[in-house]
Each structure stands twice: as structure tokens, then as C-alpha cells.
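These notes open a run of structures that come right after.
Note that subunit A is present in both complexes that follow, paired respectively with subunit B and with subunit C.
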Partner chain A sequence: MSRFRFLFGWEFRNLLRFPVLELLVGFAVYLAVLSGEGGTSFNFPASIGSQIASHIQRHFHTKVQYLYVPMLFAAVVFASVGIAREIEAGYVKVMLSYPMRRRDLFLAKFLSCFLATLAIVGGAAFAVMFVQNWSVSLYIVSFPFTVFSVLVLLVVQTFYVTCVAAVVAVLSKNTALSFIGSFGVLYLPDYMSGLIGVKVPFLPPDSTGILGNFLLLGDTSAFWRLYDLTTFLEATVVPILIGAVLFQFSYVYFTRRFDVV
Partner chain B sequence: MRLIEVRGLVKCFGGVVALSGIDLEASRGAFGFVGPNGAGKTTMVKILLGLMRASRGEARIFGLDVWEESFAIRRRVGVLHEKPTFPGWVTGVEFLEYVCKLKGLREPRKTALKELCFFGLAEAAGRQIGGYSAGMMQRLGLAQAFVGEPELVFLDEPTANLDPLGRAEFLEMVKERCRDGGISVVISTHILSELERVCDSVAILFEGAVLEQGGLDELARKYSEDLCLVDSTDNKRMLEGLERLGSVEGAWIEEEIVKVKVRDRRRFEKDVVGLAHDLGLGVRRLEPVLSGLEDVYKQVLRRGGVVE
Partner chain C sequence: MRVGFLVLIFSVAVVGGTIANDSARSVTPTRIIEMPPYGRVSGTFYPVKRTWRLTVESSPDFRGKLYILSEAGFRLWMDKRVIDSLDEVDIHGGVSKIFNPPLRGPYAFLIVNELNETRGVTVRHTQFGWEYDLIVAFSVFACVGGGLMAVGMVGVPWKASKAERSEHIQQ
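And now, the complex of A and B:
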């Protein structure tokens, strides 16, 4: 376990060579400036439920969908740089010549990609929630369930995106191919849904409206009602299942079938 | 127990056969793979390290299966790959410390610095690897391969990027380290003079097959049978007598010693003894001319029908 932790630390540090902080600031500015409506109509002591719904509708849900931009971009870049490029450049060959299990190396790489992506997505979400309009944040943090639900959705969908990017990176073993291929695979369900007429709104990037819609389901008068469970399950269980299958595939390929060239 | 045992090893990449049923054995000491580019040397090394899976056959190091027990093997070996790539964003000492930790060595920082000093990188230890020259990179490669005194070190085309002086220095470092540490080494190269300087035994590979293998002396004797040296008390008279023998194809004097191309060596030795007796000459030397590895290599390829 300590060997894995050490390996994970090295991989994560390796990914942080990428300008994560700059990306984070860039996305935060993008989300805060481009997608926002300014100001707030804070009117205490009006109905708190009404205020929350109103503010979320006006500020949060319109922006939260933009989180898919950093999510997709970060996951694809990290997997391409952290996995495909390292295979292509020969780092993986060198690493696997040391007393290191393939399983540990793969898990360390995957986990570092996932967490680095999550850090960017989380940072951007933080910007959406708190940076542009601080008064909205007061309402949002008053209801941790809302924040928690959004974070669960983000974690699950980040996991799915990372799984897609990782499997393409491992199979392609080429940085450019991994970058282009990952976007291709991620947009495939959207493209296919257009062809066959069946929508898959619960997988990124087509699920841009999910977070916003999810938050809007509790409208002004009925904010305290339960959130739509079906939507929530679709947006969490399906990406987890598909992601798990892809993760398993890339894991087995890397640990059992992968010839280091 | 043999250090390396390989039986019927086959590796195919799609329709291309990279290794076609290789059998070989290597004992402790310095062993070399030699062959032209594309002979399968690097593929062989990668399979032995568990980086590639063989299509068929069996390979063992220290008696352990190279694929199933690869982790246990890699705890006991060091490797310098062909054109090695090390992370350019860390310093030499940071990288070597990381390797020490992976190998589970005590006092990783101290060990790393000691190793860098041995390979002449003490001054560059604190510099980022990205700024290293090709020679420094190769030294760092040696340092990471030999750190922790492994039982066996693989060196794949270790001098490919070095100038002649750098090569000589590099080989001296390898020899010194192997001699002092009792470390066995497997070198894969197409530069024959390197193997001759370092190795005790070699395997000659061509297009994925082992054409010949054995100790350097053994191979030299085996492929030197048709050339002998004769030094007698009167080499001019000896030469005249030798030219009349049926077991001799040709003879000449070179550096005051008679060199003879023989047809049948056993018969030749008897004939020379008889001739010396008849001529009343004393024989000071009668021995085959040992071929260098380059001669052996050419003859092996010629006999294998690879070259004319």
C-alpha cells in the first residue's frame, strides 16, 4: 500500500507539471464572466425556499452546465499526457523495468488523472457557486444537500469521462491519437443518438442540461419536494456502469495484454 | 541453477515473426546478444524483463517465469534500455532516489548520491535531467541500472549514442562494477568489439533465431580450425616441407611464424610432428589461430547461409 501511495504521489506530481492552476483560473474566469447574469435580488425575509430557487435558477443552473467544458478538456489532456505520452516516450517501459506491478502503475495513473480532473472541475464549480455572486453562495451552502447532489453528479460524470479517456490512451499509445480519439468517443453517443433518434442525455457531454434541470426540478413553490430520482439515477448509475466496464477493459489490457514497445 | 533459461521462445507481432523458437542458456558472468538490427535482441530482452509476453515457449531467470513472476525478477535485476527516457522535469538525484525507493533500498538519498558519484555525475546531481547531454544520460542510465547492487543487469545497446572515447569509458565502468560487485550482466549490441571486451559468452542472433552460442574461447576455437601457427627452429625449411603435405591447403610466413591453412587439422598435427622429425627441426609452437568475435560472427553468418 505504501508503495502504491508513493507511486500515486509521483504520478500526481507528474501531472501537476501541467499548468493546472492556470487552467483552473482560466476556467473560473470563463465560467464567472461568460455565463453569468450580474447582481442579485436578495430580499430577506422573503420566503427562503423561493429565494433559493430563484437565485439558483438565475445564477447557478445557467452556469453549471459549462462545467463539462473543463471536465472533458482536463480528463482528455491528463490521460493523453499522463498515459499515452508516457507509453509513447518510453517512460512506461523504464518504470515497468523497476520492481513495480503493472496494476499499481495503472491504478496510480488512472487515479491521478481522475483526481486532477476533479480538482479542475471542483475548482470551476466553486467559481460558479461562490465567485461571481457571493450572496447566492449564502443560500446554496444553507442547503448542503443541493451542493452534495451536484458534487456526486460531477464526481460520477468525471469518472465516466476519465474512463473513456484512459481506455483510448491505453489502446492508442499515442498522444495525438489519444487526444483526438477521446473526444471522438465522448461525442459518439451524442452523434449516434442523432442518427438513431434515441437521446442519451445522461452521458457527458450531452448531459449538459442535467445539472441545471436537476436543480430546477424543485421550482419556486415546491422546492422542498424530492428531486427527480429517475433523473438522478440515470445521471449517476449509467455513467458508473459504462465507466466501470471501460475501466475494467483498460485495466485488464494494461496488466495482462499490453506489450511495452 | 542457470541464470537464464529459454526454451522454444516464439514472439509474433501480427504476421511478423520476431523470435522463432529460441533456445538458450546463460550462466553467471557476462553474456552478450549479438546480431544485426532487427535480429530480435531487444525483443528478447523485453520478454526476459516481462515487458512483453511471448507468443509461445518458456523463459526463466533465476528459475522464475519471466511473465508470471516478473515482479520478483525485477526486484533482483537492473536495466538500461536502448535510448532510455528519464523524466526530464526532476533532478538526477531526485530521480535516482525515486528508483531507490521503488527498489526498497535503505537511505535512498545517500545511496542515490553515492551511485551518481561513482558514475561521474556528482556535479550534475542537482540539475534537471532534461538538461543532461547524451553521455550524462547514459551514465544516469547506468547508475539507475546498478543501484542497489542487483544480481543481474541488462544493457540494451548501451553505447548507441556515445562517441568512441565515451564508449571505452562506459565499458570500463561496466567492467569495474561487475568485477567489484559480482554482478552478472547481459549486453545486447551489434558492436562486436564491445562484447569482446566485456563478455564471457555470447549468442549470435539473426532474424529471430539463435545461429550460434557459447563461450568466447569455445567459439574462437571452433571457428579457427582451418588456420594454424607453426613456429620451428627453421621456419623457411618448415614452410617448404609443409607445402608438400596433403593436409595443408596453403602456407606462408607472417611475422617470422608460419601460418598454415589446413584441410584436416587432426591429420595435420600428426603430419607436422612427422615432418619436423624428418627434417630434424624442433617445434616451438603448434596451435590454431584463434578468431576474434568478428571472424566468428562472419563465419557463423556464412555457414548459416546468411551472407556469402
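And now, the complex of A and C:
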């Protein structure tokens, strides 16, 4: 356990070295500010407290969906630098020549990618939310469910993005190929669907939008008027399932099939 | 030095994002309200700190009043039906009111129909201008970040030379 902790700490520091952290924070914050919806008309005659809660939730949930691009950018950079580059340069070979488990090494690399991405994007979303609406953000303490629901959205989206980036990095074993490949795999479906005006409900960021609407509206007729059960299941189960399968595949490949020689 | 650079990047990103965001959008939601005789209609609105224009349109013979309320004023109106407004203006057929919110936060408007007849009223909000408070605050933070960075850059060699000096003294 202590060896895993040491590996994890080293990987985490390695990923957040100068100027990767600064550039990713700048990019995430810029897009988080850009996604601000600004003034909102409240529904009358709900109490002002519930109107503020609704405003915070809408603002936050929209932000998570908009932050898909910096999120995938961070995950792709971290996976390429932390996994593909280290395999390509032979650092993994050196590390595995020491008495350490492949499982520990893979989990340390994956977890550091996942947590660093989550920390940067989540931190940017919360910081910008506070900066833009500090007068109402103070009310957020009264609505812990809002924070929880935003964290759920962030975790689901980050898990999917990190799993895809990790599997491409492990299979490609090449920094440039990993960067371009995972960026293409993650961004092209979103870009193409936007181009032809079709929503892909089973892949982020569209699935995050549907899940966010469910967390915002709850199990109400307002939500079921917008989506049917199949779409809801596609949006909630499929990204997690894809992520889990890819994680399992990259884990098995790295620990059992991967040839370092 | 790293903290300074992080503060600088964060501040520059906020300022750049704010300018880009405000240049790209102006929020204009519209509501059509049926006002009963001597009726009073209110609505709440969350403006960011930009100039807020509230336009009320009705028939030419419409007579009434438009009040702008703060959050506390809105609560007072809801609880006790007492009007404590930030600003008020007479409506003769229609009115266009420009309001600069003193702080970010929720505000409300209240329209009073002074006629003994039902009237349809259209209310339109528009926000425009830049969020100067954010731009000014984060420009200051960017300067602070730049200062911290400069101090860090100068401080590291100074620390090194201090260590070297102490080594010389020890020798």
C-alpha cells in the first residue's frame, strides 16, 4: 500500500509539472467563463430561495457539459505524458525492473490521470461559478445536493474521458499517436454530431446534459416529457459501461499482455 | 513563482473569457403579461453586473408604475405588500428603463396597473456592456500574480546567494 501511495504521489507530481497545470487551468477557466449563461429570468411565484437554487443548478449543470473540451484535453495530455510517453521513452521498463507490481503501476497512472483531470476541471467550474455569482454562490451551502449532483456529473464524464485516453495511450505506446488518437476518438463524435445537428445521447457531452437534466428536474413529468426511458438509460448506463469495459481492457493488457522488452 | 504564474494565468483567463462572453451575448428574455384592473405583477431576475434595460410595452392609454426592487425589497413586497423600491418610473403607454445594478444578485421588478381595465403588457429585459467589476478585479489579480512571479524569480537567486554567503562565512 505504501509503495502504491509513493507511486501515485510521484505520478501526480509528474503530471502537474510546470507549465502543464498552468496551461490547462487557463484553458479550463477561459471556457468556464465563456459558458456562463449570465442573467436568468426566474419563474414567478416560487420563493426566491428556490429560484436561486434553480439558477445555481442550471448554471453549474450547463458548465459541466461545456467543460467537455478542456476535460478531454486535460485527460489526453495526462494520458499521453503519463502513460504513452513513459512507455515510449522506456521509463516503464526501468520501473518494472524494480520489484513492483504492474497492477500498482497501472492503477497509480490511471488514478493520477483521473484525479488530476477531475481536480482541474472541477476546480475551474467551482471557482468560476463563485467568481461570476459570488452573491448567490454563498447560498450553495444551503443546497448540498447541488454540489453533489455536479460532482456526479463531473465524475461520470471524467471517468469516460480518462478510460478512453488511457486505453489509446496503452495500445499506441507512442506520445504523438496517443495524443492525436484519443483526441480524435473523444472529440470527433461530438464535433460531427454538432455539424450535422444530431444528438448522441449515449456519449458525453450530450449524455451529461441528459443526466444533468434528470438531476435538476428529478423523476418528474417535466423530465419524462423531454426524454423516454431508453434515452435516459442510454445516457446514464452506456458511458459508464463503455468506460468500465475500456478500463478493464487496458488494465488486463497492461498487467498481462504488455511486453516491455 | 509558480503560485504567481497560476494566479496570473487564472486572472488573464477570467478577463479574456469575460470580454469574449460579453461581446458575444446580450440576454433578452420576453414575457407577455395580462394585467387585471389595478393589478400588480412582479417578476424576479438575476442580472450579472451589466447595464440592464427593462422595456414595458402596452396600449397607448395604459397608465401605471414600474418599480425596481432589491432582493430585500422583493421579500418585503412578498411578505407585507410594502413597496420599498430602488427606482420607480411612471408608465404612459410604455417605458424603457435603464438600470445599473449596484451589486451582483437577484433583483425584481413590479408593474402596477393604475387603470380599472385589463391590459396586456409585454416586458423585455436586455443586458449589455461588459462586466466591469470582474474585469477590474481580475486585472488587479493579474498584476498581483505578475508581482508574485517577479518576486519569486528574483527571490530564488537571492536565496541562493544568501546560502552561498553563509557557506563562505562558515569556511
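Throughout what follows, the second predicted complex is superposed on the first by the 172 of 261 C-alpha atoms of A that agree within 3 Å, B and C clash if a C-alpha of one lies under 4 Å from a C-alpha of the other, contacts with A are read in each partner's own complex, and residues count from 1 in each chain.
The rule is simple: contacts are C-beta pairs under 8 Å (C-beta built on N, C-alpha and C of every residue); 3 or more make two chains touch, one makes a residue touch a chain.
A quick note: this is a predicted structure, and the numbers were derived from the prediction, not measured.
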Looking at the overlay, what does A:Val200 touch: subunit B (first), subunit C (second), both, or neither? neither
Is A:Leu171 touching anything from subunit B or subunit C once the two structures are fitted on A? First, second, both or neither. neither
Have a look at where A:Asn14 lands relative to subunit B and subunit C in the superposition and call it first, second, both or neither. first
Is A:Gly26 in contact with subunit B, with subunit C, with both, or with neither (first, second, both, neither)? second
Of subunit C and subunit B, partner touching more subunit A residues: C
Given the touch rule stated above, what does A:Val94 touch, subunit B (first), subunit C (second), both, or neither? first
Considering only touches as defined above, state whether A:Asp259 meets subunit B (first), subunit C (second), both or neither. first
Residues on subunit A in contact with subunit B in one complex and with subunit C in the other? none
Enumerate the contact residues on subunit B facing subunit A in the complex. 46, 49-53, 71, 74-75, 79, 81, 83-87, 89, 98-99, 101-104
Complex contacts: residues of subunit A adjacent to subunit B: 3, 6-7, 10, 14, 17, 89-91, 93-94, 96-101, 257, 259-260
Subunit C partner, complex, touching residues on subunit A are 18-19, 21-23, 25-27, 29-34, 36, 38-42, 44, 48, 51-52, 55, 127-128, 131-136
Using the touch definition from the top, list the residues of subunit C that touch subunit A in their complex. 2, 5-6, 9-10, 12-14, 16-18, 20-21, 25, 27, 29, 31, 42-48, 50, 52, 71, 74-75, 78, 103-106, 125, 127, 134, 138
